[in-house]
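First the structure, which I've put down as structure tokens, then a few questions once you've had a look.
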Amino acid sequence: MTLHTGRHFLQIPGPTNIPDRVLRAMDMPTMDHRGAEFAELGFAVLSGMQRLFRTGQPVIIYPSSGTGAWEAAIVNTLSPGDKVLMAETGQFAVLWRGIAEKFKLDIDFLPGDWRHGADIGQIEAHLAADKTHRIKAVMVVHNETSTACVTPPLEVRKAMDRVRHPALLMVDTISGLGSLEYEHDAWGIDVSVAGSQKGLMLPPGLGFNAVSEKALAVAKANPGMRSYWDWQDVIAINKAGTWPYTPAINLLMGLKEAIKMLEEEGLDNVFARHKRHSAATRAAMKVWGLETQCQDPQAHSPALTGAVMPEGHDSDHFRKVVLENFDMSLGTGLNKIKGKVFRIGHIGHFNDLMLMGMLSGIEMGLDLAHVPHRSGGVLAAMDVLKGRDVVPMPKVAVA
Amino acid sequence: MTLHTGRHFLQIPGPTNIPDRVLRAMDMPTMDHRGAEFAELGFAVLSGMQRLFRTGQPVIIYPSSGTGAWEAAIVNTLSPGDKVLMAETGQFAVLWRGIAEKFKLDIDFLPGDWRHGADIGQIEAHLAADKTHRIKAVMVVHNETSTACVTPPLEVRKAMDRVRHPALLMVDTISGLGSLEYEHDAWGIDVSVAGSQKGLMLPPGLGFNAVSEKALAVAKANPGMRSYWDWQDVIAINKAGTWPYTPAINLLMGLKEAIKMLEEEGLDNVFARHKRHSAATRAAMKVWGLETQCQDPQAHSPALTGAVMPEGHDSDHFRKVVLENFDMSLGTGLNKIKGKVFRIGHIGHFNDLMLMGMLSGIEMGLDLAHVPHRSGGVLAAMDVLKGRDVVPMPKVAVA
Amino acid sequence: MTLHTGRHFLQIPGPTNIPDRVLRAMDMPTMDHRGAEFAELGFAVLSGMQRLFRTGQPVIIYPSSGTGAWEAAIVNTLSPGDKVLMAETGQFAVLWRGIAEKFKLDIDFLPGDWRHGADIGQIEAHLAADKTHRIKAVMVVHNETSTACVTPPLEVRKAMDRVRHPALLMVDTISGLGSLEYEHDAWGIDVSVAGSQKGLMLPPGLGFNAVSEKALAVAKANPGMRSYWDWQDVIAINKAGTWPYTPAINLLMGLKEAIKMLEEEGLDNVFARHKRHSAATRAAMKVWGLETQCQDPQAHSPALTGAVMPEGHDSDHFRKVVLENFDMSLGTGLNKIKGKVFRIGHIGHFNDLMLMGMLSGIEMGLDLAHVPHRSGGVLAAMDVLKGRDVVPMPKVAVA
Amino acid sequence: MTLHTGRHFLQIPGPTNIPDRVLRAMDMPTMDHRGAEFAELGFAVLSGMQRLFRTGQPVIIYPSSGTGAWEAAIVNTLSPGDKVLMAETGQFAVLWRGIAEKFKLDIDFLPGDWRHGADIGQIEAHLAADKTHRIKAVMVVHNETSTACVTPPLEVRKAMDRVRHPALLMVDTISGLGSLEYEHDAWGIDVSVAGSQKGLMLPPGLGFNAVSEKALAVAKANPGMRSYWDWQDVIAINKAGTWPYTPAINLLMGLKEAIKMLEEEGLDNVFARHKRHSAATRAAMKVWGLETQCQDPQAHSPALTGAVMPEGHDSDHFRKVVLENFDMSLGTGLNKIKGKVFRIGHIGHFNDLMLMGMLSGIEMGLDLAHVPHRSGGVLAAMDVLKGRDVVPMPKVAVA
């Protein structure tokens, strides 16, 4: 067993730090998922998730990883041979494409350099060229967790509307929901995909789909094979506050508390807090001389930051030095940027001093791992946190 | 919120009572599922589950309900149009058939009366008649949770062997594993299906498949569409102690502790304890004059008991009286026996006095709900528990 | 480590079963006991305890056992050589006398047979005879936990008033508060003594004094040596929501939740529930043929019951048999009734089915330990619980 | 309720951060404190505490604050009028003197400036002058929590031995035990006083006395009044693994786990870790230009640091700014240094990155509160932590 002399710093971009209140809410006797006491919980989390997704439409909650919620989006609405348009924003786009391939979709995959969000112009042009509307769905990743670049779903929707393309708009906001602004209804999203272990501050084990009326109609007409992921069954039985199969009861107990915490803070404050920590992190990196993986200043993720290692230095070696010396987990570079990038999560249950602990660990780790850098990144981060440049930290209420 | 002045008696046949040790083990900071500390946990639960299934073969653990593990068994090994043989042991057989239908299998469904286990002779005859081996899989429910009748998987295997039928043998032991003897390897099971919220004493949220070499070979050759449920990917990455997508980390922490508890008690003692509680329950029912739903004395489930209501009395009304007066949840009758049967769970983290509290609640409830019965069932149950008829309760170790 | 295959039945008359909500409330990061967040907690428990004691006077909360709160009552108000009047209701009266002796008080100890509450007439006569008012305090045990006999403090007060005796009235309600009616102000109590681990449903570790204006005045004038237990200091600093020394913060967190639970249920319902369980327990004992230790039918404790063993049978052997076979702890006979009596706690977080589990364990234990008895006590208890004879169980709220 | 968007930084010098493992160990059903399962726990914590105090003598564990353990030391060994020698090291020496006064001891209080440990030469001279050995006890504070100066108990012992003075040596190591080297037997301590909420990483609620054979003999001969604090009774009943009155059971469960954690890390590593964090803190303060309250470089406490505010700046205003902006609690200046000093706890369950988060909060707070300082203290602290100057951080074990 690993020895921890204090709290481990879990600074991967998910799973994220779980608040004690949420852990304790899950640490309660489980219950009859067909009884009245459970139904109260069921209704509470279903309506709470609608508020988080900002939707009046159904939200389907699965006992699954976020990956499962991706698969659900596909099998409910699409059939083998259906053409879809995806944008290569990074590894999670690649993984989603992998699932689409397994379900034999015909994928137009717009190439990307993993250092920007999706190219909205390219998407628009591609859709405009699809005169016969063979493309059934446009699938984008909102907060690309492998690169820390954001693609604004509303811009995708506007592009689709400009060319009057009837495809469904599907958005993976697994690491976005609860950390970045998100508007399922107002932005015209058809299928939103999310998971529990990021901004929702829960352990992994819940996947989510929010679905527009249009997506539901498409699903109803879709003869494709599906059972576990089938929206209709779940939505029907949700009306009684329960699920067609045994739901992940204790995770739902935690979800209720997590929603309560996000709403106590206020979603706008939550989003501002993430931006603030993102800005402070980038300020530190600038001093250190580390490039951000994301190269579009408008697209920096509030939830995490990708740091590019100087040539000749391995990011996984650096991560190992940090873990061994400072009991902190950082995210690895994924796929083609493995060894080249490490990822810094500043998402979920987090505050200024946790951030400073984390940044100090990085600055010390750079030194111990002999990675060339300028010291003093932490001072630049403190300058940001002292509130000169960004939204101020909401003050803790003190009587 | 419901008021509980003491502990709720959760006596449905799952989710079951969760030990404090297991809840507390899950109530810990989550961790990096790609790190060394997690890998220790991953290896521990993978090998632990092999010990519980009594197999040297891979066990796949899904973030899912047990239903998901059913679906996994199907999509890995079967393709649309494949013929399978199922036995109508009760509602869970019916539900599994429903999934099979959604995946367009061609189902031979041997009818049953919901009061016996599967008819082994009928299975054997049906397989014998399948000279061309069109049947690809035989699918049975080990412990039918809707009727409390057990079908012995080993007898099914023997029948298959007698007629030299090459079909895969798939067994749903969702409510069996951890409560009844189960031998994945020795009994020649190809795919075992289980869930976390029954004998494993965990919250719902984990599904399991144990898979024979033969099943793996069939899966490898199966071109059918699947992603989330795909065994190959999971098994490959399990070699590093982790999973292809984010696993339900905190549930796995609980699983590790639950396995530890089952092994501290000893699986044989666990099984004997369940039998003992089952016998005591039936002794009480005999006095009350309530028929067991299961009519085969050899097939009574150690994990739960189905009680048939006297004509003219509604089991759900009775359950409501019990819940409102005694804060105890009993299981409803499912599907065609709705209103006619209630189900008594004596599965998982349980002991003699919890059983007696439960039986007392039933006896008092029968009276309050004006259900005709003889009193004194609890005395008969105590006679059994005092150890005259069955395996004695292993004594608590006292220094 | 002891193996528990289900929940241990903790049926001693304290410490009692702790609700999960209370345990979870204590299982939170501790805090700065000089900060504003703590002050909120401090004020909440101080006013909550006033509501439970039914007093507008200060309640002093100590990090201590109930024994410490006894000592506090003495050292604040009395000096060596002061005469006090005590009644030998049982072992806890004897223990309190022991403390009084250590502080060199001059004790009139009215003898008792350990099978009744204090003799009010005898107290009155004794006080009447004390023409010069040498007696400074009358000290009685409200709910004598060694015998399960109740002494009504109001009757003591009336007797004192009838003879116009100015002594202080001190009442040990350690196992009474939160289980039996108690009225610090209305009953004219000067010093009430309580502890956390009984009706308050907390772990041991907190002691309480509720103090009348008169007691405070006496204390102020008392030159005796004291520091830790000194009321003045605590009361002064309580005005700021904190304590003169570091309080038992996490136990106070639990206390806040426990008060909340008692008030959700309603104190009157709490008291009725205890009476109901006491009546059911005695009904079972009558059938078994076991005498109650308490012989005054008006004085039976709602919180616990003392059972007298038949001649020639050792109660501690019986308790051992019950513990080893049924994982249940019963209370031992104390001091002069050691081996002759066992005590049954039905106090705190408790309900009908927990009671029935407990009574079943006793009935089975009597058999296994070869103690002569009639069987069927549990049936008699169920007759009571079905509500024919006593206050009905408040129904669980079901939506 | 206060809103916490991440973990509160509890950086007062006690109560300290409690490890999850310890909180979870306390969050378990309580038990019969007269049963065998409890006795196992009782023996475990009694022997564990002997190992932490480094003594073969009895350790008495009270349900009390540390203050209670002070009082226990006095009332067991001393009588009104007894002369004792104390050294004014700071507020905790003053408070202890206050208790001694309440118990009417005759106190020689060697004055101090609150910026050094006790003056050993002065103690020696004073004892040498006491030819008739009227002084019955020398009482010193090991780690003076108000000033962060350490007084080495071994040096006091040597001074006493040099002048052959037979007084008892009593040491308050409330904030020392578990953080600084301590040797009850080897250093010739007669009575050690400790509490749970500092280096032992527990909530407040337990007080400790470790007692030499000589102290026990003195106590046995001491006719003074005492009950709750009486060593004899406790030691006698501890032989059965239990206590004369109900112990604080769940805190003892936590204590067992805390001892386990300290021993897993190794006490030497624990002490080195505290020194390391103390050195890093002082390095930061040097850059900021803040004086340490302790002016003896040999006497700096490993457990906490006192920081002197620049003239004209109020430390409590500064603390308020830090709390409101960064959700961190720092310790106030006590008594005569109120408003002039703030105290930084780096004690207990703690690591490098928690320390850096804390120091960052101080550096930012100095700026926000307009306290004159040089920035970059955090860089100096990182230089220390990177291991150039002190004992290296034991690496986390990684498989």
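As written, the chain order gives the labels A, B, C and D, with residue 1 at the start of each chain.
Just so it is clear, contacts are C-beta pairs under 8 Å (C-beta built on N, C-alpha and C of every residue); 3 or more make two chains touch, one makes a residue touch a chain.
Everything numeric here is computed off the predicted structure, so don't read it as measured data.
Once chain C is excluded from the assembly, the chains that remain, linked only through touching, form one piece. In terms of the distance between Cα centroids, chain A is separated most widely from C.
As a whole-number value, the distance joining the C-alpha centres of chain B and chain C reads 45 Å.
The geometric centre of chain C is 35 Å away from that of chain D, both derived from CA atoms.
Chain A and chain C have CA centres that are 53 Å apart. Multi-chain contact residues of chain D (touching two or more other chains): 2, 7, 17, 24, 27-29, 36-37, 40, 323, 398. Touching chain C in their complex are the following residues of chain B: 2-7, 9, 17, 19, 27, 264-265, 270, 273, 320, 323-328, 349-358, 360-361, 363-364, 367-368, 375-376, 378-379, 382, 385-386, 393-398.
Residues 1-2, 7-8, 10, 12, 14-18, 23-24, 26-37, 40, 63-68, 71, 80, 98-99, 102-104, 195, 197, 203-205, 225-228, 230, 244-251, 323, 329, 332 of chain C are the ones touching chain D in the complex. The residues of chain D lying in touch with chain B in their complex are 20, 24, 27-29, 36-37, 39-40, 398-399.
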